[in-house]
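Two complexes follow with chain A in common, the first pairing it with chain B and the second with chain C.
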Partner chain A sequence: MTFLLFFPMLVGVVLLMVPKHVHNTIYKISLGATVAHFVILCLTLVQIDFSFDQWHYVVKVPWIEPLHIYYALGIDGLSALMCLLTSITMVLAIALSYKIKKKSKAYFILMLFLQTGIYGVFLSIDLFLFYIFWEMALIPLYFLIGIWGGVRREYAAIKFFIYTMIGSVFLLLSLVLLYLLNPTDSGILLTDLHVHQQWIRNFSELIWGIPVSTMIFLGLFIAFAIKIPIFPFHTWLPDAHVQAPTPVSVVLAGILLKLGMYGMLRFTLGFVPGEVVMFAPVIFILGVINLIYGAFCAMYQKNMKKLIAYSSISHMGYCIIGFSALTFLGLEGSIMQMLSHGLIAALLFIIAGAIYERTYTLTMSDLGGFASQLPRLTFVAVFAVFAAIGLPGLFGFVSEFMVLVGAFMGSLYPSSLFGASDTFFQLGTSVAMFTVLITAVYMLWMLQRTFFGALAEKWTSLEDISTFDLGWIVLLMALIFVFGIQPSYLLELTHLNVTDWLDFVGEIQ
Partner chain B sequence: MYLFYIIILPLITAVLLRWHVFDNKKSAGVIACCSVLGSFVVVLLHTRYLFMAGDSGAMYFEKLWEWKILPDVTMPFGLRLDAISYVMCLLVTFVGFLIHVYSLGYMKLKEYSRYFSYLNLFVAMMLLLVLSDQLLFMFIGWEGVGLSSFLLIGFYHQSHKNMNAAKKAFIVNRIGDLGLLLAMILLLAIYFLESGQFSLSVLTLETKASLLQAPGIGDFTLIGIVGVLLFFGVCGKSAQMPLYMWLPDAMAGPTPVSALMHAASMVTAGIYLMSRMHFIFDGSVFVSHLVMWVGVITALFGSTVAIFQRDIKKILAFSTISQLGYMTLACGIGAYGVALFHVLTHGVFKALLFLSAGDVIKACKGNQDIYLMGNLRHKLPRTHVMFWMGALSLVGIFPLAGYFSKDLILFHLFTNHFGVYLLALLGVFFTSCYIFRLLYLVFYGNRQADTNQEYRTPITMLFPMVILSILLLMLGWLWVPSFLHLPEVLPEFFATVLPVELGHHLVFKELIVGLISTVFAATGFFLARKFFLYGPKADFWIAKRYPRFYRLLSHQYYLDELYYKAFVFENHDDRDPNEDNAFTNSVLHVVAVFKGLIDRYFIDGLVHWFAWIPMFLGSVYAKIQNGQIQSYLRWITMGSLISLLYWFLWISKAGQ
Partner chain C sequence: MILNIWQSSNLESLWYILPELLLLGGAFGFLTMSLFTPHNRRNILAWAILILLTSLFMAMSGVGTSAEGRVGLFSGLLVVDAFSMYAKVFFILSSMIASFFFYQSKTFGSTKKLLETLAFLMVLTVGLCWMAMSVDLLMTFISLEMVSILSYLLVASKPKDAFSSEAGLKYILFGAVASGIMLFGLSFLFGMVGASDYAAIARHLQGDLHTTEILVLFFSFICILVGFGFKMTIFPTQMWVPDVYQGAPTSVTAFLSVSSKAGGFLIFMRLLIELKVHLGSGAFESLIAQIKMHEILVFFGVMSMIIGNVSALKQKNLKRLMAYSSIAHAGFILLGLSCLGQDGFFAVLFYLFVYMLMNFGAFYIIHLRVIDTGNDHIDSFRGYGNQNIWMSVSMTIFLLSMIGLPPFSGFIAKFYVFKSLLSQKYYMTALLGGINTAIAVYYYMKIIKWMFLKDGNDPEIPRYGKLARVYVILLLVPVISLGIYWKPLIDWVEASLSFVF
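Then we have the complex of A and B:
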């Protein structure tokens, strides 16, 4: 497990010793490393039977004894899925980075460090270790956006950094509370969540008039909400996405947003399920706002990458409403939506990147008519757009449908802020469904403005994407298609997690 | 046994063609044709399963795969061949095959790969739609045909006009799909709560339809709500009244596409869905009435609007809308078998009309305005005859297929809903008016159309039209009026799945209904002949004499403009969507701009304001951090002094 975690970093360290002018070698080494890493991951996963026993390959070494902090790693269904997504996205991102010539050595090293950081988030089962990796993933990203980004890269990088730092402060707050008040002798590990839920719930003292559990919930929620991002905390995302270089946008949309949702499911629901039940209607409403607000903002955009960024915000809304409904399908759909959005958004950003590197503009009024000039890219774009719209038979539809059904079947528990209600989720879901329509409107409009219509004179010498690029893209498309037809392999991995979470919720009532 | 191959054959061909495996050669088109013909053969090979007597009835099921949704609950996906899907499959594959052949002559060689790939994708998706056993699976096909429709309407993608039409078609369909989606979610939720099973399979739904009688929200029963939602989906796909407006614009696609998708098969998916889910539509009187009235309004709307159109394909499009209205109407009165029979005959004669129109358009160098045509009967004699066949069939003249199906619908109305019957008869009259106006303006008169002198109808285009004409003569005899005492082939076949009335021997009534409708059709015919034999003067006369009336009809009762004003579709002209003002007239966009501005100035403004606080603090702090050791020392000293003072004054006192 440790090897799996630190392998990319190790390669990064090795790369430090390679002379920096051999771009090609550096590229090949890092690509080889990520592919090898992916293969190792697959080989590991194949050996695990996820249908029984939640945690596998658990490593637990005492680290900071007085605070009961452990170096503890493990893998379960959810982290396995997230690791798979990470590896797929990283392989793609690195494979498509061969055009980066500026300080390519540093770039690839940072990418590999980033991969270790993200893996750490998904693999650590100790809260403190999780926090460390959470921060570790942030730093390479700051440099990746700040150095290799677009025109306003510094602004975007700073904004991104400050936003996520504020999130981290809240996370740290909850973390400090948890570690300070922990009355048990064991560390705060994901393997004994029940114990921790117990004492958090029984802790009667108030801080500033607020119960400790609510405090912890708010800290965790805000921290993860910024990362997802949930409605009022979302403005870092369009800037960061637009300014980041294509492969980094792919990573941002593909995995970074999912860190927040992962934390939300794993820690918020894991430590304070009672508060989640309580705040479920509020979270749900925020999710619906995310869906519709993001979609409308996307419609307004004139820049293609910004449009895709806002569509990411909108699509993450599905995760949130699926999560807040606290039904089996909703939670499962939420996980599926993370994966499907990761793959589809990655594809969309690759397309935007491909256009940018040909035309050096993403303002849609300057583009148009590429269908006759770039038939291959157009084919990919049509596929990606319809996947994002949620065409049945593709992965996006599976998750959206599951979330919608799950949310529809949800009902508010008596302990929620709004009291018990059966129709709340039904009405809310019906409203949320309009996103399906608005998404179609803005996505098709984008497609039309960039790829159809008459081709401008200045674009008649553009070259279509190379077969090498197309190969990677087709792999991604194949994944989106296969999981759209048969998602069972993925669904099975999540069953145990979701059952667990529902048990937590059930115990509260 | 091999039901799967029906779908997979055209699908694989579509993928291969799209990747230019066969290049843009003649062989590409031939392979596409063969794959559809192959599907047709596979359907035929399955015939024997349907007629093997068994307890389960005439039904053949093939399970494909399942989703493991919950730890112990799965959702199966399967294909099901029974009477109605069999008939639909035959229609789609056979007419599909003919139109593929026609396209060989119609399309240019360099367009082959892309065109046939999309067309094959459509055939595959349509077959998936009709063969799937459960709603979610059907939804894949349902949206899949929407996708291929989008691709084919926008086939000539250089023009924004076409792309707008394509986008409009997809989005309007999507509005309907919202209803369908919500209906599916409702059904799933209800069944899951009732039985713990996760299924949208038609059979399970049918057996449990009684559950839906449970009280719903307010005055509506649950089954009524589901019915209305499903019908909303039907309205989108089958171009019924509130959501019809995509179909006339869809004519931007190549003509064979209009023939196959926007006349013969795709638009009938809604009728198919209603027949498939008939137990839900039957379960609520309100829904039945809604369906009936929407149907009759659409039928009248389509036929009246068609009268003053100038574009040959638009006239046929409105004709399709009107005929779909008749089918919906039939579903509304519970005559699902009759509706499907009309789907079948309409599929054949409307395809024939469109293919003839395609030939005419090609002969006129791509011109579609019927005012600029005329006297084409000498130029295209064979097409002329075929168009007559199609037109007579459309208005329902005896030996042709259209007579049998339309007469059945009218007969059912006559016996049950006399008022609606009169409206439907009026529709027959208008139908006759517009189609013969079209026919006379195009083929008669002494005006000279601007034609391509070289043009001769290629054999690949003629052959499908001839086959369709022959079919028109034979098809009607599948469901003959009972007074003829011939074997009732189709009704008995349908009766295995649907509630079909058999053998009602009301000779007198049937004769009367047939005669009356023929008289109405003939009146329309003579009127059209009188006014339009020598040109479109009558149009100008009406436009001058009754300008409001003329404009009302030729502008589709201004409904499209209304929608245009209200929503997002910029469809009326070639406005470049990149211009900022192209989008201004729409509610949705106003909301979007508003929210975009909120996001940029308000939320981000707040963020910047919050960012300003640390910046201000930072600037103060930066003054302190000026890099001079002396000043640092000064601050350290001051700080220590203050804390010492604090300790002496307060803490030490408290300690005492």
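Then we have the complex of A and C:
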């Protein structure tokens, strides 16, 4: 497990010794490393039977004794899925990075460090360790956006960094609070969540008249909400995604947003399920706002990359409503949506990147008519757009359908802020369903404005994407297609996690 | 808990201050040497390091500390215990780091100047150690002045430079006023109690106090805090900091921002520790509650953080920026101190040690840049990442550690301060501290931004000597490793306060 975690970083350290002018060697080493890493991960996962016993390959070494901090790693269904997504996205991002010539050595080293950071977030089962990796993933991203980004990269990078730091402060305060109040002799580990829920719930003390558990919930919620991002905290996202170079946008949309959702499921629901039940209607409403607001914002964008960024905000709304409904289908759908959005958004950003590379503009009024000039790219784009809309048979449909059905079946528990209600989620989900329509409108409109219509004179000499690029893209498309037809491989992995969470919720009632 | 202090005779006391005596001897030797023919600069540095190293080993191996626990020296002027040992090790180590920094500084280019400065540095170290050891109002004041006067000399050590002279003069004026106010407060305390040693003061403060007595005590506490706070660089005595830090040679600035600040904190902690040890926990807590010590410290701490951080946001001059950052850090450390309990004291000692490492590191690289480009504008970092990747990555790590990002030691220091605040249920203070941490991100990242995100216009690639690289690595290694495994440091900190709690 430790090897799996630190392998990319190790390769990064090895890369330090490679002379910096051999772009190609550096590129090949990093690509080889990520592919090898992916293979190791697959080999590890194949050996695990996820249908019994939640945690596997648990490593637990005491680290700082008096504080009960452990160096503890482990893998379960959810982290396995997230690691898979990470590896797939990182392989793609690195494979498509061969065009990066500016300081390529530093670029690939940072990418590999980033991969270790993200893996650490998904694999650590100690809260303290989780926080350390959470922050570690932040630092390379600042540089990746800041150095290799677009015109306004400095602004976007610092905005991204400060936003996430504010979230981190809240996370840190909740974390310190948890470590301080912990009356048990064990660390704050994910393996004994039940114990921690017990004492958090029974802790009678108030902070400013609010129970400690609610404070912890708020701290965790704000921290993760900024990363997801949930509606009022979303403004960093369009800047960061638009300014980042294409492979980094792929990583941002593919994995970074999922870090927040992962934390939300794992820690917010894991430590304070009572508060999640209590605030479920509020979270749900924020999710619906995310969906509809994000979709409308996307509709009015002139810049293609910005449109995709807003569509990311909109699509993360599905995760949020699936999560807040607290039903079996909703939670599983939420996890599926994380995966499907990771893959589909990655594909969309690759397309936007490919266009920008050729035309140096993403303003859609300047584009148009690429269908005749770039048939391969157009084919990919049509596929991506339909996947994003949620065409049956593709991965996006599965997850969105599960989330919507799951949310529709949900009902508010008596201990929620709005009291018990059966109709709340039904009404809300009906409103949310309009997003599907709006998504179709802006996505198809985007497709029409960029790929169809009359081809401008200046674009007549564009080259289509290379076979090398197309190969990687087709792999990604194949995944979206396969999981759309047969998602049960993935679903099986999540069953234990979801039943666990539902148990937590059930215990509260 | 009332500990009996074993008083040693005056002659025996000399044995206990052997590290300091060695430093004083070295200082006199250096001053004498400066009268004679020129010497090799490198030899001078080697001698200084040797003297400091020997006294560091003496302090660490416990020459001067005894099995009996606490020993009073010179009829109760100084005390030797685990806490003094921490202070000695801290200050001598810091002076060692600084001596190399002085050696590299252009201001101290001539051998005569270097010898003098290193002699001052050693005497200053003695003064700092005694600040943390003194258990008598008189000794407190004298050791504080000993440090102040030598600091004035160091700050004004660029005689031809108008900035440096101005800084020196400002420092003297502010310092004199602060000392005067502190002396005023001390005299009130002395007048009320009739004794000057802390044990006697504590004995007098036992039992119920009259309202007037509380008032006098409150007043004298505020006055004393002005004197201590001047050294700690906290609000409202922070006015001198940017000007003096900017005017002084960078090496002196780095030294002041570490040692002088730590001196202020440790002397204040010594006062609190003595009161606590002699009064016992209950009486100590009722006393600090009566004079509202916690509230005052929190107020000053939060104000220092806000003023430091907000002023640093728009700052373009590197040394001024670091000055404001040091005010903000002082405020944050003061928050830890304001808990007035076990966790808080641990956090302060931990933080100070980590701060020493990262601050010297950051200042040293700024110093290199100032030499390379000839100015201390933030622009001098433009494109540094292209020119010297190792130095700029080191600088990035020092700055990230100052922000408090894991896995660097600054994060652990911040973690302990938050822990002490939350364990005492000061939630609002912790939240304010957290918000300030987020504000501080901006200006630290600004330096990083200039290094990596802006392209350089200076094709000349600076080369640094082997010594400079070793120096940075020596500071960098503990900054990283203490962030990953900090148990040795926290154990040492706990041991040095074990007689209090």
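Convention: the second predicted complex is superposed on the first by the 509 of 509 C-alpha atoms of A that agree within 3 Å, B and C clash if a C-alpha of one lies under 4 Å from a C-alpha of the other, contacts with A are read in each partner's own complex, and residues count from 1 in each chain.
In this text, a residue touches a chain if its C-beta (ideal position, glycine included) is under 8 Å from a C-beta of that chain, and two chains touch if they have at least 3 such contacts.
What you are looking at is a predicted structure, and each value in this text was computed from that prediction instead of being measured.
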In the superposed arrangement, does A:I64 touch chain B (first), chain C (second), both or neither? second
Touch test for A:I162: chain B only (first), chain C only (second), both, or neither? both
A:L173 contacts which: chain B (first), chain C (second), both, neither? second
Tell me which partner A:F38 touches in the superposition: chain B (first), chain C (second), both or neither. neither
In this superposition, which partner touches a larger number of chain A residues, chain B or chain C? B
First (chain B), second (chain C), both or neither: which does A:H495 touch? first
Chain A residues contacted in one complex by chain B, in the other by chain C: 162
Complex interface listing, chain B residues touching chain A: 18, 65-71, 136, 139-140, 142-144, 147, 150-151, 154, 157-160, 163-164, 167, 170-171, 174-175, 177-178, 181-182, 185-186, 188-189, 192-193, 568, 576-579, 588-589, 591-593, 595-597, 599, 603-604, 607, 611
Where on chain A does chain B make contact in their complex? 159, 162, 232, 234-235, 293, 296-297, 299-301, 328-329, 332, 364-365, 368-369, 371-372, 379, 382, 386, 391-393, 401-402, 404-405, 408-409, 429-430, 433-434, 436-438, 440-442, 444-445, 448-449, 451-455, 485-488, 491-492, 495, 499
Show which residues of chain A lie in contact with chain C when the two form their complex. 63-66, 106, 131-132, 135-136, 138-139, 142-143, 146-147, 153-154, 157-158, 161-162, 165-166, 169-170, 172-173, 176-177, 179-180, 207-208, 215
Under the touch definition given earlier, write down the residues of chain C that touch chain A in their complex. 389, 400, 403, 405-407, 411, 414-415, 418-419, 422-423, 425, 427-428, 430-431, 434-435, 437-438, 441-442, 445-446, 448-449, 452-454, 485-487, 490
